[in-house]
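Consider the two complexes below, in which chain A is the common component and chain B and chain C are the respective partners.
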Partner chain A sequence: MLGINDTTIELWLLNCMLAYSAFAVLTGGSFTLAYVAFVAVGAYTAGIGSVDHGWSLPQEMVVAPLLAGLAALVIARPLERLSGVYLSIASVGVVGLLQVLLLNLDGLTGGAIGITGIDPPIGIGLLAACVAILALILRQLQVSNFGRAIRMTRVDPLVAGAMGVNVGRLRLWLFVLSAVIGAEAGVLRGHYFGLVTPDEYGFTTVVQLLAMVIIGGVGSWLGPLIGAAVFTLLPEWLRSFGDWREVVTGVLLLVIIIVSREGLVGAARTQWHRRRHRRGVADDAAADPPPATSLNGALAGGEEDR
Partner chain B sequence: MSLLALQGVTLDYGAVRAVDHVRTEVAAGEICALVGPNGSGKSSLLNTISGFVPISDGAIALDGVDVTRARSYELARLGVARTFQLIRLLPGLTVSENVAAGCYAELRRSGLGALARSLLRPGRISPEVAARVDEALERAGVARFADDLVEELPFGTQRRVEVARAIVSRPRLLLFDEPAAGLSEHDLENLEEVIVAEAARGCAVILVDHHLHFVLKVCPRAVVLNFGNVIFDGPSPAAVEDEEVKRAYVGS
Partner chain C sequence: MTALIQDLFNGLLTGGVYALFAVGLTLSLGALRVMNLAHGATFTLVAIAGVELSASLHVPFALLVVFGALVGAVIGVLLELVAFRPLRAGSAERNIEMPSLVASLAVLFILQTISQQWTDANVVNFPSSVFKSTQVDLGPLTTRSILLIMFGVAIVLMAATWYVLMRTQAGRAVRAVAMDEDAAGMVGIDAGTVKVATMAASSALAGIAGTLIAASLGAVSFTMGDPQLLKGFSVVILGGIGSVPGALVGGLVLGLLEGLTGHVAGSAWQPATSFVLLIVFLLVRPQGFFGRPLVDRA
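So, the complex of A and B:
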């Protein structure tokens, strides 16, 4: 029913992990799209580790985030000089660069064929546990003072600075966090499918993860869970559209983005406040008249530099 | 000793000198107006004091501490609060959330211990901080909008919310960038009340404004800028009589 079965749930959980990697960096308001490179680092660590060196899954889950975290610290240096669309382009460049390396270092990465036979396969239990732990951590962060700083930085970095947030430092840590999450997601993904190929970690994946985060909402830890669910189930629901499936998916995404900049979670929150506001206004109108405003005052103070 | 001391503060935007060797001091508890014609460098000076724009030359000291190279977040942590010429609230957040943002600097803890604590027990705002937020909302006259989203409020109310956000941290230095612009008489009275109360608490207040009537009423002292230079520094009633100030406003 509704296209929900064990496979879609597993894919949803995998997508949640991946989406959380993108979420971690996007929630700080910097439009950095290098997260897929860190997922690739994780997946190839799993591939090379388990096939060539006989590493265990826990070993990979320690090594991969360390590698990705360090790589993030190194890449952040040149990237932090950029902002806005230039940062986005440069960060996509990082993904492209890594993909070229993966294709050409075929002694290590298996080139275009990639690496097959990654063992052991993982099941729904481990995936669910990882997503649950990650969601809990991000939820706790969000309601803490760090979360307040993150939210200010996303909405208006200038104001965040005026409130005492070191915006540059905060974004750097979010970038590293994104790399660590991405690497774990990559390890899980490698083991789940049992293989890694370079074409899984290119621009298409960048856009897919971006879409998941934007649909769900960059403002809440719930966003990626919802965005990943929509993204996993929508193709199932739209099966009857046949070749038009992709088009319908695209239109739906556009509608969601136009309706709410902060995704489905943001839209729900705004609606909730609007409803409260309307109730409040009705109560106030009944209770007391609005404060008198003086036309003179408005004119005297009318010199706005707008 | 003065709370804020500017020594030869100079700011160049490329070849344009926006602020030219400004030297002045503001004491704790003082309310000082920073006035001047359009483009005289008032806002630029305010932006340098709050650390948004690094100065090209000179020195700034806050309570004897050199803050010449301090960035905005460092100054905020030292007790400098400001409002913005074009209101900058955080959309999507309620009024009380916006005001609570003003408490960030003092709530913040750094290090791994703080990270661990916030993961285990993230908690909402502590009762005493919550009480201060309520008090600031009350004083700025926006308590009844506490749970409304800021973007749905009228202009004057948004201004009040910004004022509440600036005073909630009990700053040592308050910088108002054209707080009176576009306000009703009712809103202006409230603003004056807040400013006077903050100064009485020992906070130094610098107020940039075009609204001369309001400035004369609220600020005993005025510093007048023209082309980035201080052309008058003294009691504000005398500023209106000063020949050079008149020339600057009318144009010679």
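So, the complex of A and C:
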């Protein structure tokens, strides 16, 4: 029914993990697109660890996020001096550079062929558990004071700074969080497919994940789940369109960025509030989101914490 | 030694095309503040359109380049009208750099799918009946005629772009809009038209670059735009956002350094050149060689 089977659900869960990595950094309003590099770090940790060193899955799931987190701290230093387009371009450059390294350091990474035979394969249970834990953590984060600071930083970093939020520090933590999630996603991805190749971790993946997060909504922990679902299920639903489905993705993305900017979750929330208002239900102050006035450096959203 | 000079020479010629690709990017980013990720997809689609057209109709090569410019311009106009203009209308802020990145990403998906479907995701050969590149000897150096043509066209087009932008009334209008849209409107400049025209010019340059590269590679595929786009952004940063001479110098420097990297470390490491250069420049001299002359308020 609706083209949903075990494989689809597994791919959706994997995409959720990846999307959460991108979400973690984008939700703070900085367009740092280096997340794919951390997914690659995770995937190659799984590959090199399990094939060359006989590591177990839990070992890799500890080592990979440590490596990626450290790498994030190191590259955050120079990157935090940049903003806007400069930051986006530089972070894509980081991904591109890592991809070249993965291709050419063939002693370590297996070159263009990559690494095959990653054991053990993982099933739907572990994937679902990881996504559930992650979703829960991000949800709790969002409804906390920290979440309010994140939202303010995204909507208007200047105001956030004036209200006492350390914008730079906040974005740094989100960047490291994104790296850690990305690394875990990479480990899972490597084990799920049993192989890693460098061409999975380039520009195409960068833009795919960006699109997922924005379609879902950059302001809510539900966003990546929805965005990943769109990317995983749409191809199934649009079978009759054949390979033209990416056009649908493109149109959807364009409509969202023009109309709501808060993604599907944000749009649904706005609708819900409107309906409540129409019914004359007395709302608390939070149900009346302030208009997103500043879109500088961010896709602002006037959404609630929930 | 001759081998090194030959590699550098090849790099320089390739750099001319990098420059041509980047000048369109620098124009849209500098004048309209849109980060156009669809620039590479436009380049690819035009290249494929050119190949498919010339396979069925045997048009002369020069006509094909003009055709490429026209198709590119049409795509540019659509980009502005369908993606960027509605974006500005819905935004209180004039700065749409980040939203425009996403909007152009949407267009990238659409254009890339068209390219993929058109070629059935295959590599399609450029018909040799339209253009046959020949070997050219220049003293100790050898090259192919298409590379020289490409370089020549790139230099001429960049000079023309610079002239229009800096020395004509139309270019003055573009720079005025880039600097202050409201003030430009007060002196009678129609910002909407200027933006459409700028996007048309930017994408036409991508189209010409696409047609030329298709001829030089002898084949096209729907993914050929991605590496070009990344290199293009490197060149834009190298030269300084919005600077036409900067794009030229940046393109040539990247080409030369790629040639050098290829000579020293082997061609497998060539793709690393643009990324390293990009990151170094962003850290050391983020304004590039020539600053941001289009919006220079100082």
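Assume the second predicted complex is superposed on the first by the 273 of 306 C-alpha atoms of A that agree within 3 Å, B and C clash if a C-alpha of one lies under 4 Å from a C-alpha of the other, contacts with A are read in each partner's own complex, and residues count from 1 in each chain.
Throughout what follows, a contact is a pair of C-beta atoms (placed from the backbone, for glycine too) under 8 Å apart; a residue touches a chain by one contact, two chains touch by 3 or more.
What you are looking at is a predicted structure, and each value in this text was computed from that prediction instead of being measured.
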{"item": "Which superposed partner A:R275 touches (first chain B, second chain C, both, neither)", "value": "neither"}
{"item": "Partner chain(s) touched by A:H53 [first = chain B, second = chain C, both, neither]", "value": "neither"}
{"item": "Contacts of A:R151 with chain B and chain C, given as first, second, both or neither", "value": "first"}
{"item": "Which of chain B and chain C A:G93 touches, first, second, both or neither", "value": "second"}
{"item": "Overlap of chain C and chain B interfaces on chain A (superposed complexes)", "value": "293-294, 296-298"}
{"item": "Complex interface listing, chain C residues touching chain A", "value": "29, 35, 37, 82-83, 86-87, 90-93, 95-99, 101-103, 105-110, 112-114, 116-117, 226, 229-230, 233-234, 236-237, 241, 268-269, 271-272, 274-276, 278-279, 282-283, 286"}
{"item": "Footprint of chain C on chain A - complex, ascending", "value": "31, 78, 81-82, 84-86, 88-90, 92-94, 96-97, 100-101, 103-104, 202-204, 207, 210-211, 214, 243-244, 246-247, 249-254, 257-259, 261, 293-299"}
{"item": "List of chain B residues in touch with chain A within their complex", "value": "38, 50-52, 71-73, 76-77, 81-82, 84-86, 88-94, 100-102, 104-105, 107-109, 115, 118-120, 122-124, 144, 147-149, 152, 156, 178, 180-188, 210-211, 213-214"}
{"item": "Of chain A, residues touching chain B in the complex", "value": "137, 140-149, 151-152, 155-156, 158-167, 219, 262, 266, 269-270, 273-274, 276-277, 280, 284, 291-294, 296-298, 300-306"}
